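What follows is a set of structures to go through.
Two complexes come next, and they have one chain in common, subunit A, joined by subunit B in the first and subunit C in the second.
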Partner chain A sequence: MSGHSTWPEWVYVGVVIALLCYVGAEAWNIERIIEHVPEDAEIIKVTGQQWIWTFEHEDGTKEIGELHVEKGKAYKFEITSKDVIHSFNIHDYVVLLDAVPGRVNTVWFSPTDVGEFDIQCREYCGLIHYNMRGTLIVEDKGA
Partner chain B sequence: MVLELQKPRPIWQIMFSTHHTDVGLLYLITSLAFMFMGGALALLLRVELFSPGVQIIADSMTYNRIFTVHGTTLIFLFILPSASAFGNYLVPIMVRFKDMAYPKLNAVAFWMIPPAGALIWLGFADFTWYAYPTYSVISAPGPAADMWIFGLKILGVSSILGSINFVVTIMKCKHPDLPLSKMPLLAWAYLTSSLITLVAVPTFAAALLMLLTDRLGASGFFNPAMGGDPIAYQHLFWFTFHPEVYILVIPAIGFMYEIFPRFSRKPIFSHSSGVAAFTLLTIVGFASWAHHMYATGMSFTEKTVFMVGTLAAVPASAMHTFNFLATMWGGRIKFATPIMWAVGGIALFFSAGAGGVVNSAMPLDFITHDSYWVVGHFHLFVMGTILFGTVGFVYYFFPYVTGRMYSEVLGKVHFILSFVGTVLVFFTQHILGLFGMPRRIYDYPPIPEWVQMNIIISIGAFIIGIGMAIFLVNLIWSSAKGKPADMDDPFGLGGKYYFPYQAKNPSH
Partner chain C sequence: MKGIIGIGAMLGLLVILPSIQYVLAAGDSAGEYLDRRVVIWGLFYRLMIVAFTVGTVVSGLIVWLVLRFRESNPKATPTSYEASGSW
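Let's look at the complex of A and B:
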């Protein structure tokens, strides 16, 4: 060694490792909690295809490009695709999961605000990927 | 250091040469040409995104083709060849051998690049630089897609051959008086990045063949309609390309390990820490590939494993940053153009790493994934760190190759424009991602925040573009008309600092 002390580097590396451990532990814990699906979540089947989203509710009603849900209820999306990989995204509710042909991916959410929110595709899927958009409409049936 | 070009020779003598400095020069010119070409495509994209609606690109397919070729070009035809360029010049000198271990193989590896580049540019595929099935199998238009696959195949073989050459040159041809542990850190960068290449790249080479036979309908590896699994491709792809990001960044870190001690007129703070960080990254870099795939529907356990693997690689990068700053600390720094680029590079490297940690924390990745955040993140590496390190090194190297000095004023203007532009473009893209704008879109709805940020980003991109135009002028003008460099010490650093290696190449 060239005669200088190395302890500042060890301290620095120690601090970096401590921060990373904190981030990792916190992320693990939060993900564990938010992945827990409530028992009473209603199932909505989401199908991506070039370049539209279709939705099927538990009672069999179907919607294209628009999705109506009720404020305060829990919903579980079962997401798949008919052709290429898409990614189902409601950014305002941090819902993001790939629609993969041959697989069903699930994620749940519970809308807290009444109003309209953007639905979009976040995985490149060809010609009209940029406009594979839809609208989530949250209504308040109780009021 | 004698790097030949000062005695002019006809171009074909350089083209048919197998001498390492000639091959290095070919790599350098090719990679810079592709840098300007790929950058020009980026400017087209930024004009189109300047505001909602159609600007200059008539249809989305053209837009999609442009960003695909932009990404492919800059990763495979600029960054990789520019790293090989300096490796060719310097690795033999640093290990004190007369040439690369296999000079003919070396020339072959280089000459695979132009045809591959031609396939990629003449095809102009649209399926993004990662060509995910099933889109790439059932939907992407040929023959562009097939030409891209062949082009990448050739580039993969080229980088494997180049890596074999670096590993053998270092391990077998190194001067017996020079222990591996004392070898310069830039040579360590080539050793480790070449080892990563040899382990990582064959996987993608296999995946490309499977993709091709799938496209031909002869197999269904990735096609669920034929019993295959598209996610399998993503695993093969990222098993290669997460390590590949380290293949790209390690040589740039190596350049900084040359620049900082030289221009700080002080030895590297800790040589052994640099070696340790390179080695650590080489190993741990293989434990994180699926952090690109959290949103494909991975289980909680899988996500956790890859998050931990990703975080485990971060300290290695942090060690480099420390080493650079500690090297500058207390040095007699000469702020010439090369070290300015390197200092800018560390600042952006640090920001990029911090963003990467956010990506790797699984709940946060569902906000950032496939949004403009990710575009900002990896550009802070590929542009902010790698291009900055490389361009700084191009300036540093300029007098040795041409025998002339570049214009210091233009070099500094280029740096300032690039730094300001890079911050404007890629920091803003992080925020735009938080506002939910997906990447790879040709047009977007007029959401006010999106519009404002896209304008800022496009302006930043034009600033970078102006800087790059100045760079081009500086390169061409100075290599013909620049003032002759003092070849004993072109940067006036004081003889013993400017080049510590045995300068004369014994065979010349």
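Let's look at the complex of A and C:
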């Protein structure tokens, strides 16, 4: 040892460790909160296939390329794929989850604004990937 | 050393294990309505504050070190090794 003081180094190491702990804990906690599905959430089965999205509501109603939901209600998506890996994305509501063949992934959201929003595949899935789109239509309750 | 291990074990028993149990149990109850946009972007902004603060401190420290300890700095003095000429 050269005999110089090492406390600044230890303070630096301590601050770095503390920041890493904060970042990890904060991200983990937020992930835990947003994965917590409300009890009354309606389940919508989402299926990706080259190159369309199909949706099935709890009452059996099926939609292709369009998804009608009600403002203020919670929806839990059960996402899967029939062929290759896709990724279900509603950009405006920060919903993004892979659609994997043989596996059901879940994510939930609650729309807050009436209107039309884009649905887009976010995992390159073949020639027409760029056009594997859909529309989320959020309507007022009872509309 | 034994003291540190003892304190670590106590913390593990008193804090960490109950926390894990609480968090795992929370997964069984229903969640509350929330706006994903607010929560996720809020997290993003908080982590960006951390990232840019660290980036500023680290790059600032590097710039200061390079300028302060360059050979041409008037305040630069030879190290004891350089002054004596022997390593």
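In this section, the second predicted complex is superposed on the first by the 131 of 143 C-alpha atoms of A that agree within 3 Å, B and C clash if a C-alpha of one lies under 4 Å from a C-alpha of the other, contacts with A are read in each partner's own complex, and residues count from 1 in each chain.
Going forward, a contact is a pair of C-beta atoms (placed from the backbone, for glycine too) under 8 Å apart; a residue touches a chain by one contact, two chains touch by 3 or more.
Computed from a prediction, not measured in an experiment: that's the story for all the values here.
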| message | Once chain A of both complexes is superposed, is A:Val94 in touch with subunit B (first), subunit C (second), both, or neither? | response | both
| Now for A:Tyr22: first (subunit B), second (subunit C), both, or neither, which partner does it touch? | second
| query | So, A:Arg103: does it touch subunit B (first), subunit C (second), both, or neither? | reply | first
| Is A:Arg32 touching the first partner subunit B, the second partner subunit C, both, or neither of them? | both
| said: Applying the document's definition of touch, where does A:Arg133 land relative to subunit B and subunit C: first, second, both, or neither? | reply: first
| said: Just checking: does A:Pro8 make contact with subunit B only, subunit C only, both, or neither of them? Give me first, second, both or neither. | reply: first
| subunit A residues touched - subunit C or subunit B, whichever exceeds | B
| said: With both complexes superposed on chain A, which partner does A:Val84 reach: first (subunit B), second (subunit C), both or neither? | reply: first
| task | Give one of first, second, both or neither to describe whether A:Arg122 is in contact with subunit B, with subunit C, with both, or with none. | result | first
| request: Would you mind listing the overlap between the subunit B footprint and the subunit C footprint on subunit A? | output: 16, 23, 26-27, 30, 32, 34-35, 92, 94
| remark: Residue positions on subunit C within touch of subunit A in the complex are 23, 26-27, 30-37, 39-41, 43, 46-47, 50, 54
| field | subunit A to subunit C touching residues, read off their complex | value | 16, 19, 22-23, 26-27, 30, 32-39, 74, 92-95, 109-110, 112
| request: Give every residue of subunit A touching subunit B within the complex, in rising order. | output: 1-2, 4, 6, 8-9, 12-13, 16-17, 20, 23-24, 26-28, 30-32, 34-35, 50, 83-85, 87, 89, 91-92, 94, 96-98, 100-103, 105-106, 118, 120-131, 133
| What residues on subunit B touch subunit A, complex-wise? | 60-61, 64, 126-128, 132-135, 138-140, 224-225, 229-231, 267, 269-270, 272-273, 295-297, 300, 303-304, 307-308, 311, 314-315, 318-319, 322-323, 326, 357, 360-364, 366-367, 369-371, 435-436, 438-445
